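Below are structures written as structure tokens.
In the two complexes below, subunit A is the common chain; its partner is subunit B in one and subunit C in the other.
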Partner chain A sequence: MVRVITSALRYRAALQISPLSLALLFFLVGPVIMIMIMSFYEFTGFMTVPDATLENYIELFTSSLTGVNYLQTLKMVGITWVVTLVLGFTLAYFLVFDLVELRTKLLLFLLCVVPFWTSSVIRMVAWVPFLGKEGIINKFVIWTGISAEPLQFLLFSEFAVFLSYIQIFTLFMMAPLFNVMARINRDLIEAARDNGASGIQILWHVIIPLCKPGIAIGTIFVVSLVASDFAAVSLLGGQRVGTVSISMIIQMNMAQYPPSSATGVILLVVVLLIVGGIMRMVDVRKQL
Partner chain B sequence: MRKTSSDTSKTGVSRRSLLKGTAAVAGVAAATQLTGGFPTVWSQDIKDLTLRSTGGPWSHFQLLENMANEDLDFTVQLTPVGLDEIQKRGLTQTGSSDLFEPAYLQMKFFWPTGKFMPWDTTKLPEWDKVVDLYKAPGKIWPDAWFGQGQNPSTVSYTSGPDTNDFVEAGSTQWLTAHPVLHNADTLGIRPDLIGRPIDSWAELINPEFAGKAALVSFPTIGLMDAATAFEAAGEITYGDKGNMTQDEIDYSVERLIQLKNDGHWRALWSAFNESVQLMVNGEVVIQSMWSPAVTAVRAQGVPCIYQDLKEGYRSWTTGHVLPNHLEGKMIGAAYDYVTWYHTGRVGAMFARQGYYVVTPDNTRKVLPEAEWDFWYEGKPATVEIYDPFGNLMEKPGTIRDGGSYKNRMGRVAIWNSTMDENKYLTRRWAEFIAA
Partner chain C sequence: MSQRAEFRRAPGYWPRAALFYVYLLFLYGPILIIAVLSFQGPLASMTFPMQGLSLHWFSEVVDPGGFSRQDFRMPFVRSLILAIIVMVLTMGLSFLAGLAFRKSFKGNIVVFYVVVASLIAPSALISLGIGLGFNELGLQSQWYTGALGAHLSWTLPFGVLIMLAIFSRLDPSLEEAARDQGATEWQTLRNVIVPITLPGLIGVALFGFTLSYDEYPRTSTIVGEFNTLPVEVMNTINIAATPVIYAIGTMTTLFSLLVIFASFLAVYIIQKRRTGAGLGIARKAAKADSS
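On to the complex of A and B.
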């Protein structure tokens, strides 16, 4: 079964991937390079001067604010990751192993996609009538006498941001997990059971190891989506949560494009390092 | 397509008067075509031109675009984007538009780039009708307050046709920006939820409103509002709240963080609609607001007052800046457009929205007397007051909040500004957000 790769085949393959490669080159690599160049420009306080300087990076690494912002961002990434992983895994497990009929599986899977029928901003704003001071939950809380005052932590808080992350990003964890789980050979589970493995042991020694590529892909999604999010922190966090992306927005509002670009480059590097680490630990290609 | 509705309604009179203005402007090439006195040749020539303008949603909307295309010989295309986006596009993609309408607080970012050319006041036929705020000595009326911070006249002039400096108001004929609109912001309150009179900026930081107050998230503006409150509460006296020293910034930010830790700030908002929703949903009962935002809250049946305060108003203004890439006839079209903006019809339309175009004398010629009295004189409405889109706003007998034009624009305590310590301020503000 040795396949001889002729130059013609190789040529054809190159041709096939060229549209996507070109699009990525122009619309992803190009802008990123421009941001990198911008990050070395000088910012005088009002003006951007095209002049090579390391000042933006020196300032970034010596400011105590950078650490605070990254801690906040990593905290948001970490908590969201844990919750979406548990939820995503459970949901995928239920769909794949507990349901028998394929139609029900697909129907319920599609149900999980319903929130994506509308724009992300609307998905977030839709929380306001639920969580607000005069929202449904607070009306209930006051009506039942659980609290005399409306619960303020529900909206414009970290809690609200997490809620939105979990609502939206669980699917990104669930979908790849669903995919890998569906491919698990049922014979392996039968064999484990025949050999006397308990349910927990099957889960721990058979299913989870086989799910690793799905977990890895889901993690890459969740990490990069949370680390780059600005909308939820702004709309549901009331801009009171200081993440890396918020600090970039503040700098951009004040026309400080070079320092803001430097912040962006470092954030990109951090996210790429995390993604690279995941890729080293798990062979994602296995799933493909 | 945009032109279809306009061709029939063009009136020779208004066009001709505008063309007179253009004739002087359009540069050598265009001017030679006009020497025979055949405006039709000119209009044939500019018919295919499209003038693109990028500005805020408060001025870049369909109704204005339709009006422009009815009255002018070329096509006008308006693109509404947020204040931050106007800045981003203006500074980094200047070629993407033929006019930008930044706020004057952004002029220190725009003008020194050298990407824009000055307007020549001698070629702006309505320039003498523009209020004195944009001329020496920077007062809209002789008895008006000059205001702290960046009075518009201080960033309005440059020394020559190819310069990018700022010079004393009125010392040259070269304008950095051609003024478009101005208005004043103040505290918006929910009278039903507060239940007592409010008369000072100090109320913004009153512990009574802990968890019920909001702040603008734009760093300088949020900081200036807070500073106005700290000063009104007698905590500190600033040298210039619109241009603070590092010590003054430190004090203000420390206090902001303290208030944040006490749970004072319910939220920070960055867009018009967010400020409206915060009030409508009862999340917030006191925050600084734009006058039309207050109107928008009331339009949803929720009581809201644009509160006149004893310390005065925080004011802003916007202007058109002219990118360098324009040449010949396009420059002529740009001059035509900004001149048309000031001839009255546009002023009347914006008056009904609660804003002021900078040529009130011309606005008055078009705006019916009863509406003028309501919007500009602060008198009780004698007729039903409609907004430009035909929605009923006020019934007879009501008085506009904030009173007359003179009461608002004559009592500007502080101008939206960019401070000398811009960089330091931004970093400290980010610390407040992260605290």
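On to the complex of A and C.
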């Protein structure tokens, strides 16, 4: 009798998970397999021929552009990660530990989250009237005499892309940090203080270690979002910023599917390795 | 009074508070600026000083004349339809998956990791893969086929992770109580689990709707002949820079804010009713007690 029930339960769970599994099979696993197959096809320069060649990968690994692109991507990821981590941590700390009333905390937290549910394309465009040659910052710079010429590095530059990344992605670091900080038992902090720990010591030896899962989740988000972005780079980077994702998109738009696929496969492998490494250190599932 | 005097801010409070409010300004400033700039006159530039004051650019969006190449109306309708479909599918699939994960079925770890992979996979990879898949089948991907799938690959991870979080906080004794009282599985689901998880489901709906409505990177190359709104906006930026971009930006952001507000209101009403009902029962019990 018991066995019948458990098998019925198991059958029901299989039924419940199948729609999700099918959707992911069709729109994630399938496409990735397609790309893997395509990456072994031959590209003659204007045509794609079914084949089983390593040419695309050899081309990719021997091209000097690959290294340049990966360095650029690494730089974008690294700087964005450091800034969003420090900023996100401080913001979350302010909300959790500096504010007293729960209602204020939640309200201000929501104010930080709301832009996430609005258009990121529009939020990128919104930097143009700020940073342009005739933009607000340059008007101010010339008016105050800080510089006689408008600053050129503001728009269509790496700087603009960073600004946009920090604006859009800080939330992804801050929200998980807010979540873990809010769960820190205040008695621990009291205990540390009673034992004579200074503010810095409490931060370093109590709060930050307890924040590790939040940092891990935030890092997963920021790394994968920056590595995958091409919209901000193409809109605000002014063709001066060459990342791996951009090179993949350019190859794609020129219908060079096999080399584009090889680029995509390697990028996916790199992102999965980084995220896999983080998930080995911290049990993300326990944080839900 | 004396308590107030004793209350001291932690060291570093003011710098942190200042940073927080500067961050909010950084977050909202640009979008507020383009909202202001979209009220310029017809001979406007892309930045300050404002050239006149009018609703010209809004009327360009709502009713573009015969000369205008940019018509955002149908892209908006497409994005709206797509977002609703994605929202409903994300809610349904995530809820069912949440139920399944409670019983830790065979292969649950694999499914969980695939969900995470769907979240972190590079956008260009997803759209290229889906596009190639459609090519292989001799079809062209459209906004309601390939792009729909690409949107699901982005919204489902959020939906599933939210549902996992909701279900992990759901007290199993509530269901046991329902079952002990003779409720069938279906009744337990309908009358216990769904009502309790409803605020979370609304959250999933909000993510599903807004993430699809605003999706650009996974959509751009597989949208087919007809553009969704974000793709149309991005194309317009590349073709012609006029304040019509600011007007459509302001309008679509307002629309998103409306959706966010509506879902918050829904959650608020549910919570209020819930505590209200709870209080009602408690009051009745108190009355019965005292009489």
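Here is the rule we use: the second predicted complex is superposed on the first by the 266 of 288 C-alpha atoms of A that agree within 3 Å, B and C clash if a C-alpha of one lies under 4 Å from a C-alpha of the other, contacts with A are read in each partner's own complex, and residues count from 1 in each chain.
Here, contacts are C-beta pairs under 8 Å (C-beta built on N, C-alpha and C of every residue); 3 or more make two chains touch, one makes a residue touch a chain.
Bear in mind the structure is a predicted one, so any value in this text is a computation, not a measurement.
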| item | value |
| --- | --- |
| Three-chain arrangement built on subunit A, subunit B and subunit C clash or fit | clash |
| First (subunit B), second (subunit C), both or neither touched by A:T80 | neither |
| Contacts of A:T219 with subunit B and subunit C, given as first, second, both or neither | neither |
| Which superposed partner A:Q72 touches (first subunit B, second subunit C, both, neither) | first |
| Touching partner for A:Y257 - first (subunit B), second (subunit C), both, neither | both |
| Contacts of A:W117 with subunit B and subunit C, given as first, second, both or neither | second |
| Partner chain(s) touched by A:S39 [first = subunit B, second = subunit C, both, neither] | neither |
| First, second, both or neither for A:P19, with subunit B first and subunit C second | second |
| Winner by number of subunit A residues touched, once subunit B and subunit C are compared | C |
| Partner chain in contact with A:N56 - subunit B first, subunit C second, else both or neither | neither |
| Subunit B versus subunit C as contact partner of A:G132, first or second or both or neither | both |
| Subunit C collision site on subunit B, chosen from 92-100, 110-118, 236-244 or 416-424, when both complexes are overlaid on chain A | 92-100 |
| Subunit A residues contacted in one complex by subunit B, in the other by subunit C | 128-129, 132, 134-135, 235, 252-253, 257 |
| Contact footprint of subunit A on subunit B as seen in their complex | 84, 87-88, 91-92, 106, 108-109, 112-113, 211, 217-220, 260, 263, 265-270, 274, 277, 281-283, 418, 420, 422-423, 425-427, 429-431, 433-435 |
| Residue ranges of subunit A in contact with subunit C within the complex | 9-10, 12-14, 16-17, 19-21, 23-24, 26-35, 38, 87, 90-91, 93-95, 97-98, 108, 111-112, 114-115, 117-123, 125-130, 132, 134-136, 139, 167, 170, 199, 220, 223-224, 227-231, 235, 245, 248-249, 252-253, 257, 260-261, 264, 267-268, 271-272, 275, 279, 284-285, 288 |
| Contact footprint of subunit B on subunit A as seen in their complex | 43, 45-48, 63, 65, 68-69, 72, 128-129, 132-135, 152, 155-156, 234-235, 238-242, 246-247, 250-257 |
| Complex contact set, residues of subunit C against subunit A | 9-13, 16-17, 19-20, 23-24, 26-31, 33-34, 37, 45-48, 89, 92-94, 96-97, 99-101, 103, 105-106, 108, 111-112, 114-126, 128-130, 132-133, 136, 149-150, 152-153, 156, 160-161, 164-165, 168, 206-207, 210-211, 213-214, 216-217, 220-221, 230, 233-234, 237, 241, 245-246, 249, 252-253, 256-257, 259-260 |
